[in-house]
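Shared between the two complexes below is subunit A, which pairs with subunit B and subunit C, respectively.
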Partner chain A sequence: MASSKVRTSSFSRKVPAAPTSSIPGLKYGPNGTIFLSSGIPDLDKILGGGFHLGSLVMIMEDTEAPHHMLLLRTFMSQGLIHNQPVLYASPSKNPRAFLGTLPATLVSKDDKSLKSDAEQKDLRIAWQYKKYLGENKPPIEERDGKVEYCNEFDLRKPIEKHLIAGNRVECVSLLDCSSLAGIRDSCSKFLSQLPRYDGNITSAGRIAIQSFCAPQCEYYDKEWDMLSFIRSIKSMVRSSNAVAFITFPASLVSPSVSKRWQHLADTLLAVKAIPDEDKELATLLTGYQDMLGLLSIHKVARFNTQVPVILDATTYSMKLQKRRSLVLECLNQAPVDGSSGSSYGTSGGCSSSLNTGGLDF
Partner chain B sequence: MNRPASLLDDALSLDGGESNSRRPQKGLVVLVEDCVETSGSFVLHHLIKRFLSSSDSIVLFVAFAQPFSHYDRILRKMGCNLAAQRENKRLLFFDMLMLECPDDGVEGGLIALYGNIQKAVEANSSNKNITIMIDDISLLEVAAKGSTRDVLNFMHYCHTLTTQFGCTIITVLHEDIYSSGDGFTFPLQMEYLADITIKTEPLITGLAADVHGQLTVLNKGTIDGSKSKIHNFHYKIKENSVYCFYPGSVS
Partner chain C sequence: MADAVCRVLRDGALEGEHATSLTIYDSVDSPFGPVVFDYIFTHLSSFISSGKSQSRGIVLVAFSRSPSFTSELLRNRGIDIGTSHEWLRVLDCYTDPLGWKERIKDHGAIKTPLTEASDNVSLCKDVRNLNHLFSLILTLGKGLVEDGKNRFAVAIDSLSEMVRYASLSSVACLLSNLRSHAQVSSIFWLLHSDLHDTKAVASFEYMSSMVANVKPLTTENIDNFSLLEQNYKRGHFHASLKRRNGRVRVMREEFFIDNSLIKFTSMVAAGENAVAQSLVPKVQFNLQLSDKERNDRAKVVLPFEHQETGKSVQIYDGRKSGKHESIVVPVEEVKKHEGSGRGEIIYFRDSDDEMPDSDEDPDDDLDI
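Moving on, here comes the complex of A and B:
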């Protein structure tokens, strides 16, 4: 895998290092693609750098839990921090109210949070480093130096008001639109305001659509309208420098339509809640108590290349670190208790495959 | 020639001249069936390269899925310059990313598209092999607002070109869309039209870094009258080629 990555980069155009740092919030990837951060450092790492500029990211919601909102919030917050225009559409009456729930960047200033846990040692160093960075940069957008590509977010603190006020944030209620043409128009208007790609990109936009096919929307039963809406969003985004981030309750549409949506997505993720009292799973996984839910990565965008991205694991656990920042961790199989010591060999042998295979429910 | 014989070419009987001194067959319909886990687009890329590398063929590419730049970059890594071929009029690229059939006249949009294809085929039909590639049918269905009947009609019209001008048609269909068992006849109809069906699937054990999936090639043998054959092998996609091998034959 590693060797093939090296090979891919040797084919891609050599990009001078200078522009990488000059564009806040964007990063050059292989094959002439540009990445934009998802707002979750771990997810960026897993996806190989973030979301591709011009890609359609779809999240399959778990209808029983709002975990997709965590991803949506960090995605939007990261955009605001980077001063990127954001279009937000949701099936609520007052979508602008949602902006108040966006998380603020994590500034770790309290030393009491330091843990002596050996496992977290290197993480702590990273945080401390961030702390020093953070000391001279409270208002991030004012610093004209290096802006971090990906911030960590404190999910307990709301984002600073001036970030919402200062940025171009458009809010659209999906309830107001009797047909999808209205939303499509606002999307295309939003995208047309973005500067076109002309060799060097100056800014990128983010479109976030929450619970796209929620039943309270009027177009709910028009499957083909929704499909062609997604298709046109996809092709609009593809030709502009933006990322569309759409969450949808996959179980509410018919299986064949849901499959079509999955095919349309460039990057496909799914969130799943963890039931509180699942004894079987609790014995199987370590750190089960701290898990919020599971994030599965079904598809990683494949731009300008035909080689699929094969991840080490497709299912990750979502955890809140210190009840604040969202981290993704590989699932770890809990150690087998002593009584079954004789089966040590077999359990050790399949532990790696269980990471992915055992949890495909 | 020391070109490594590719199992895929072999299964498609595209290896043409060398083995049994016959030209690549004309008038084939090739259907690529894929699913969410394993995209079948690499088969298209492979075939574009194959067809463009013989000097007397023309490829008509109807793209619903990706913009030109995407294909261009991929094919360039495979050693085939699509932009140059487009200049030479060897590749006719129809960018259908934004095609929207109007609500009232779905038929109209498809008829216009077919008209363009037919015109291009007729203009180039003089002693040239023409290949029509459609990427992909499932998106064509979306563009036609779910009017499967119109899409089928469109495909039947395109099919007439195979007999009339000896065109080869290559299409991609996302097979898992129709596997939920709601009585979809569309994939069956497409399979009926096809002479060769190529199916990509993930391994039952999941995706792996070394084996990206398995291919099942069903060659009905309708063209040369031979018996129908099924080939099954694993593949690994590389930047510049596809490596096909029999299960277990790679250490």
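Moving on, here comes the complex of A and C:
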């Protein structure tokens, strides 16, 4: 991907400009990779652009909290907005009923007024800096009618009916098959319509599997079968233009099998519940009242490169902004204590929102 | 609080939600699971019979107790048995779970009738067929509340017994089907955690919105007889509730057994910090004060003259003399020392040759 821009000085960075994608919902990244959005803008930023096309994303559920459903919902809704085919499998008798709970995009009325305000004022008031930071947003998120790469979702509003009507979402119930062959066949059929060639991409697809090893499935005891299923999904997805998103409750499988699944994942996230009305946590973490749970990022996929991703922080708190949209905020992580075992993390006092970008305290 | 748990079961589930479900665990160290189960069952029954709960009826699937035990229990706790046919159905899986007595009766080996027929007790003769069991539970429940919007609760006495007869995934399937059924409002079951492997225990916890654990007071040193004896009368009751906002509420109580009645008392909170510590990473610098440090800090006398304590403070001003060193000074002595309490600067000259230069203006030396 050769750079086509003119160099203004001899000291400009030798970064080849990635071609902008003509297909909505896809973004070109470094090293010849293509990204799909996860549906949560903060998560896309943390992961470096989104989920890699052809990768296997696994979410470790917490048995005590349903936060993985939030991630699943935004993932599926984003795919529907971008007109990408979606395959959904879940351990319930009627998976199609879940589609009614997918969120719609957030229509924010504040954006236009913000822009005009900022342009008018020459003298900027420092304490309102958050307003003006919006101007520095990357040009990928274009407004005024163009399709955004990553939408913000309003979790209180259900998705428009026409997006889930018909057969746009293929639903499979994990209870139907005693062995995993049925699901594997559905997935391979779905992926066969999205093959990967070296040429241009026409569309990308998403596979979402919820609670893969739930105890009510008949194959629950067959751990090696489940492992080989995940491995085959990974290889199928790698050779097609799709992202597979699987959530599983890690504590329900034996530890060695759980470790194997975690190693198989290209991108591994974990959600964790937080206790309610816990006074200790309330003093340690600011914004405890608004927090839903914690999201940990254990592994980020890196394709076509040997350089690993080292994140500034691996644990983020999930919050609902204005009770509608999901944001991820950083919990400031302090160095690990070596000596005394009885001290707490007090630096949770400054929790910075990811939107501040370069402003670190 | 066990009462809080009962209230959550009473309130049931919202439209479109899965039924609230409770798992009660116990173990051989503190075998009071059945007592806790009875407590919750009787409380829920009293709510149902007085019409205060979302459920209009309750179906008890009895694997480990006979139906007559249940009616005795309700009678002892003061619940009106006469009206029980309106809100209670018992599915008797205790008397003849595998149908053996039926077969023996067919062969003529026994002549006495098996059980007295009762209008709210139904017999199940094949507990291995979980589909059949599921449909029986549903028919009993619908018979109680009739079709429509009315809901009923389900209580399973000893899921451990059920898991003996059928595979784990089929039991899990039954429970999830019950939970997702529109007419089931709440469901609770008892499980003996030491009879099953961790995977089974984890999968039942996964499917429940509340988990109650009956634990012994102490788990150490069973040679100490008095401690052991304590474990047979008292214990700890831990409950964790999954709330709708995605957070988990953890509660702890103590209980003691008195004539097969269980009484709950609140516990002295100790060791609450464990959860917070595990979630938030530790700091390298200890920025917290321990209690001793806090007390010591409070005792430090600050070097201000007016401390508003009513007595004048002796400030250490660098001079060692016996009068100044005592911290606690009686009031009469304080008045004598007031003069020396004020700060003074005493300048000792390095040598006597030095001219006193305080009167001179040093710039006078300059010849300009």
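The rule we apply is simple: the second predicted complex is superposed on the first by the 268 of 361 C-alpha atoms of A that agree within 3 Å, B and C clash if a C-alpha of one lies under 4 Å from a C-alpha of the other, contacts with A are read in each partner's own complex, and residues count from 1 in each chain.
We take it that a residue touches a chain if its C-beta (ideal position, glycine included) is under 8 Å from a C-beta of that chain, and two chains touch if they have at least 3 such contacts.
Keep in mind that what you see is a predicted model, and the values were worked out from it rather than measured.
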Which of subunit B and subunit C A:Gly166 touches, first, second, both or neither: neither
Partner chain in contact with A:Gln262 - subunit B first, subunit C second, else both or neither: first
Which of subunit B and subunit C A:Asn304 touches, first, second, both or neither: first
Touching partner for A:Ser254 - first (subunit B), second (subunit C), both, neither: both
First (subunit B), second (subunit C), both or neither touched by A:Gly32: first
Touching partner for A:Ser228 - first (subunit B), second (subunit C), both, neither: first
Contacts of A:Leu331 with subunit B and subunit C, given as first, second, both or neither: second
A:Arg238 touches, of subunit B and subunit C: first, second, both or neither? first
Contact breadth on subunit A, by residue count: subunit C or subunit B: C
Subunit C-contacting residues of subunit A that also contact subunit B: 254
Touching residues (chain side subunit A, partner subunit C) in the complex: 63-67, 91-93, 175, 214-218, 220-221, 249, 251-254, 272-281, 284-285, 292-294, 315, 331, 333-338, 340-348
Subunit B-touching residues of subunit A, taken from the complex the two chains share: 1, 4, 7-8, 11, 31-32, 223-225, 227-228, 231-232, 235, 238-239, 254-256, 259-260, 262-264, 268, 298-299, 302-308, 310, 314, 353, 356-357
Subunit A-touching residues of subunit C, taken from the complex the two chains share: 167-170, 172-173, 175-177, 180, 199, 202-207, 240, 242-243, 245-250, 272-273, 275-277, 279-288
Contacting residues of subunit B [partner subunit A, same complex]: 36-39, 41-42, 45, 67, 69-70, 73-74, 77, 97-98, 100, 138-139, 142-143, 145-146, 174, 176-180, 182, 184, 205-209, 212, 237-239
